[in-house]
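Down below is the structure, laid out as structure tokens.
Chain nomenclature is as follows: A, B, C and D, assigned in order of appearance, with residue numbering initiated at 1 for each chain independently.
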Amino acid sequence: MDLLNIDRRIIFVFVFIGVAIPLMLDFSFPIKATEPVQRVFDEFERVAAEEEPVVLVSFSYGASTVPEMQPMALAILRHAFSRDIKVVAICLWPEAPGLAQQALAQVASEYGKEYGTDYAFLGYKPGLWAPIINMGQDFHDAWPRDARGTLVGDIPVTSAIRDLNDFNLVFDLAAGDSIEFWWIPFGVEKYKFAFSGGCTAVMAPDLYPFLQSDQLRGMIGGLAGAAEYEHLMEIPGSATAGMRAQSVTHLIIVAFILLGNAAYFASRRKVTA
Amino acid sequence: MTNDKKLFIGFVGLFALVNAILLGGGYLDMSWASLGVIVAAGLTISLYSFLYHDNPLFKLAEHIFVGVAAAYIFGIYWYQSLYGEVIVRLFSIGDDPGTTTQRLLLLVPSILGLLILTRLSVKIGWLSRISFAFVVGVGAGFTIPRYISAFVLSQIEPTIRPITMDMDGLNLVLIMIGVVSVLVYFFFSVEHRGFVGGVSKVGIWFLMISFGASFGYTIMARLSLLIGRVRFLLDDWLHVM
Amino acid sequence: MFLTRTMPTLLAFLFGAVAVMIYYVPHTVAQEIERELSLWLRILYAFAYFLGLYSILNLHWTRISRREGGWAYSGVAIASFLVMFFFVVYNDGAGPFAPQATAGGYQWMFTYIHVACSSTMFSMLAFYIASAAYRTFRARSSDAAILLVAAIILMVGRVPVGRAISEFFPEAAAWLMEVPNLAAKRGIVLGVSLGAIATSLRIIFGIERSYLGGGEE
Amino acid sequence: MQWRANRIVTLLGVAVLLPVVLSAQAPPRASAFDTPNDAGGSITVTWPRVDGNETTNHLVYIATAESGPYNLAAEVEGKGAVLSDDPGNYGRGPEQDATHFVHVSDFTTADGRQPLDNDVTYFIRVAATRDGMEARGAITSAMAKANFINWAKMNNFIIGTALSLIILLSISLARRKDMFIRRIAGLEAIDEALGRATEMGKAVLFVHGLREMDKISTIAAVNILGQVARKTAQYDTLLKVTSYDPVVMSVSQETVKEAYLEVGRPDAYNEDNIFVAGTDQFSYAAAVEGMMVRERPAAHIMMGYFYAESLLLAETGSQTGAIQIAGTDAFTQLPFFVTTCDYTLMGEELYAASAYLSREPRMLGSLKGQDIGKAFLIAALLLGSLLATAGMPFITHALAAH
């Protein structure tokens, strides 16, 4: 089959067009939240109903996954700030601080939130999961100062936090192992705080066992998950817009797989016949 | 002149022209932010040129990235950990509230940390083994009980719930069959023949569905990244969205 | 021999055994030890980063000094490192002995070079996946056929267009994720964690010493 | 098993309380004791649940002297927690279902919240309130203590100890005698591929993953490479090995050289066929792809830990029509190998294949120990599920993580 041996650069052009055209056109498909995403939303709503609600948001992703993770970070920060939940942000990934600062600054200004009283940014600490154990024992010991060099005891949002259990919810934004192999075994397991997370689509299937065992209370998986969250928030953002291109390219890839396999089986039949 | 050289010059010319139009048309202004968008667009397209084939433009962009990334991460480690925490506390710079005991205790990881760096020397490199023994030993020790609790106990317990005569019960039975058969597949003490062979075959089916899930989701992830970059090119740079 | 081999092994045993035991002891003293150990661990990781930095710079420096093929690119890597390093140390005018600035050349290089390149590199895989989808993802065995069918249902079911085509797709996708996928992933997690526990044990009891580097294996 | 210690304490308290049925306004009979399994600074206060009185709230007062003053320490709603909500500390059963509890770790004073001290006797009264009426119960006392053993984690400790003993014993046993592990189908597939390469008179390409020499997957890959090299030396087939890490390259050179010596073909060994093909991810992939397309080896064997480049390698490789065999413990990359390769060693199969070939006691024994662990898990899953369905969930409860 010569058709199957076409130069792959021709296929590359198809993919580029499949992404670019839907982005430039204006059409949409209805979005409905799946259960894991709904659970995250419900967790934030539960937190919002509590007294002096405060969440810990851990940025555990780097630059390579920005298109997937940044819309998710914006969506959950919008949810927190719109419901007057205070946010303490930390980074467990060395590339994350720049991205976390951008997201926090943008959403805080959208909702008129003040640094120090409504949110704090504590920066990055190395050690993969070691900071999680450290925070579980003593939060101020793990993060003595914020990214600006202020002692956490002097910042209103963090001054009363003793350990991870003082947060109404811990939320991890993960591009790698951080949910499955850092937060769950070294945090949730011992300290039993409420924990949910968002991750790249690559990681999402691995986390289903933890959703069922309640070690993870809800999960936003990839750009599609972020779009569902935007839908629940009724604030369509870049993830929702991306779903047009995502839908079209998925259909293209599925068509490619079907075509390729049809040709493969046709050629095999010819050989055997 | 080779074909590739012509392509290269054509590309650079076109890139300059497009940017001139964008600047002239007022889509981009003469600010650092606009310059940034132009640089980022140039690097993005240079990296995509690898799709045509491996070429100097790709290699150039890739190596610029490698250098910037290394220095960026140095900055994070320096300001947020080594200076921002270790040095500030050890030498009690500024408003540091630490006690002398805390400072003395902090000396231990600082010295162990410096010992790690001896690995770069052939003569005294063995000193780094003390630090590695600490990192690896403590890591292993923390891991064992926590993995038993978080993975073994917490994953087994929700699997062995009472089975009911409804859809949930059926799903629970399927999950049970799946977990057991996958464990049997990764069981190496018995030949995969007869009954065990049959069970391990079922295990493969479950594994294949889960790989299918990972496969579909990975494709989704890569496409999302591409969508993000194309959006950047079309919207932030070209302003055609 | 004692200093280079036995002592590190003994230390690993000592630290490992203490780290295991304090897990079962709720007393404040044990919890304080746990806190201190985790603090030390994360500070050690900060120092360990320099080994990685050294190896990258050394790799490119060696290529330049030996004039290996493509050494000029290594020069580019070193040069871009130095430029970024300057901005890191300059710290938007505050110098290296102050909290990190949130603006300036450092942030600019991060946003427009680092983020742009990093996410572009991985997005390239989208193209390769598409080409592989057409040319090589074959149901060459019944196993691969199951994999592909599951993948197709998920790819259609997890995007909004799937629901537009038929409610079957999102529902089937959810079931596949929550039942067979969950079961297989749980089996894998159990196997992997037993493996990790076994490796940790071998380290604590000095059976696995590859972390000492050199010599063994 | 882990509830035994707490149960005695609980039963003592509950036995006194249970027979008494209280009306809403009747003062609750409270009892107090040190909160088990904790670092101290907390006292557990319990009182019986009264059915149908969910609107009655309870206030817990605490004092350092029996005569007072009593400060408010906790306020518990009518439908507050019962002991069986915390089975790790208090066990399960009808008594636990019928007893409310609260952990008191601090109380309100004029100067704000004050924490409890260890080893100090506190006096406690519980009051039932409804519609502004308050009925205070009798005074009881307790002392908070820091505990030395967390009994709730006893199941974890027992499993950990058993697993450790099994694995360590298997390793020491493996040092004395050879242990059986099953044939690994992937290794036979490699033999077939080598055979075909020999028939066709073409080369075999062995591609290493990206991780360093001290990783298990890399060690396994080198062990498999040794086996491959012995066969190619026997068949007189050209073997090329690409690596990413220079150390992996030199170890591979040693391994292949040794294999060629072993079968008496040192003359056929050529060091230049084992090299570093690239030093960053995508360049490595591009270089290996180039070799696949230009040199058209008959078989590609890809072993080790791969990242995103797996797709590029396997796709190009399958286009050339070569037999492809992969082995990796990178689960995220396995789907791409499964759909593009003729045979794939998945996860632990890679380690098993390596142990099968090298017969190294450390690996064999460890694998054997893990197998015994898996057998126990399978038994617990099947038996536990049956018993739970039959209404006897004690295995389920014994395996709960607290």
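Descriptive notes on the structure:
Convention: a contact is a pair of C-beta atoms (placed from the backbone, for glycine too) under 8 Å apart; a residue touches a chain by one contact, two chains touch by 3 or more.
Being a predicted model, the structure only gives us computed values, none of them experimental.
Common partners of subunit B and subunit C, by the touch rule above, are A, D. When chain pairs are compared by their number of contacting C-beta pairs, B-C comes first.
For the pair subunit A and subunit B, the distance between mean C-alpha positions equals 13 Å.
Separation between the centroids of subunit C and subunit D, computed from CA atoms only, is 18 Å.
For this pair, subunit B with subunit D, the centres built from the Cα atoms lie 21 Å apart.
Subunit D has residues 153, 156-157, 160, 163-164, 282, 319, 331-332, 335-336, 338-339, 347-348, 374, 377, 401 in contact with two or more other chains. Among all residues of subunit C, those that touch two or more other chains are 20, 23-24, 31, 38-39, 41-46, 49, 99-100, 110-111, 114-115, 117-119, 121-123, 125-129, 131, 133, 135-138, 140, 143-144, 147-148, 151-152, 155, 158-159, 177-178, 181-182, 185-186, 188-192, 194, 197, 199, 201, 211, 213.
Residue numbers of subunit A whose C-beta contacts span two or more other chains: 5, 12, 15-16, 19, 64-67, 94-95, 98, 123, 125-126, 133, 145, 147, 149, 189-190, 202, 205-206, 209, 212, 224, 246, 249-250, 253.
Against subunit A, the residues of subunit C that register as touching in their complex are 23, 31-32, 34-35, 38-39, 41-46, 49, 98-100, 102, 107, 110-111, 114-115, 117-119, 121-123, 126-131, 133-140, 148, 151-152, 155-156, 158-164, 170, 174, 177-178, 181-182, 185-186, 189. By the touch rule above, subunit B contacts subunit A in their complex via residues 51-52, 69, 72-73, 76-77, 79-81, 84-85, 88-89, 94-95, 97, 142-143, 146-147, 149-151, 154-155, 157-158, 210, 213-214, 217-221, 223-231, 234, 240-241. Residue ranges of subunit C in contact with subunit D, taken from their complex: 20, 23-29, 31, 59, 121-122, 125, 128-129, 131-132, 135-138, 140, 143-144, 147-148, 151, 188, 190-192, 194-195, 197-199, 201-202, 205, 207-208, 210-211, 213, 217. Subunit D makes touch with subunit B in their complex at residues 153, 155-157, 159-160, 163-164, 180-183, 280, 282-283, 286, 331-332, 334-336, 338-339, 346-349, 352, 367-368, 371, 374-375, 377-378, 380-382, 384-385, 388-389, 391, 393, 395-396, 399-401.
On subunit B, the positions that touch subunit D within their shared complex are 50, 54, 59, 62, 66, 144-145, 148-150, 152-154, 156-157, 159-163, 176, 179-180, 183-184, 186-192, 207-208, 211-212, 214-215, 218.
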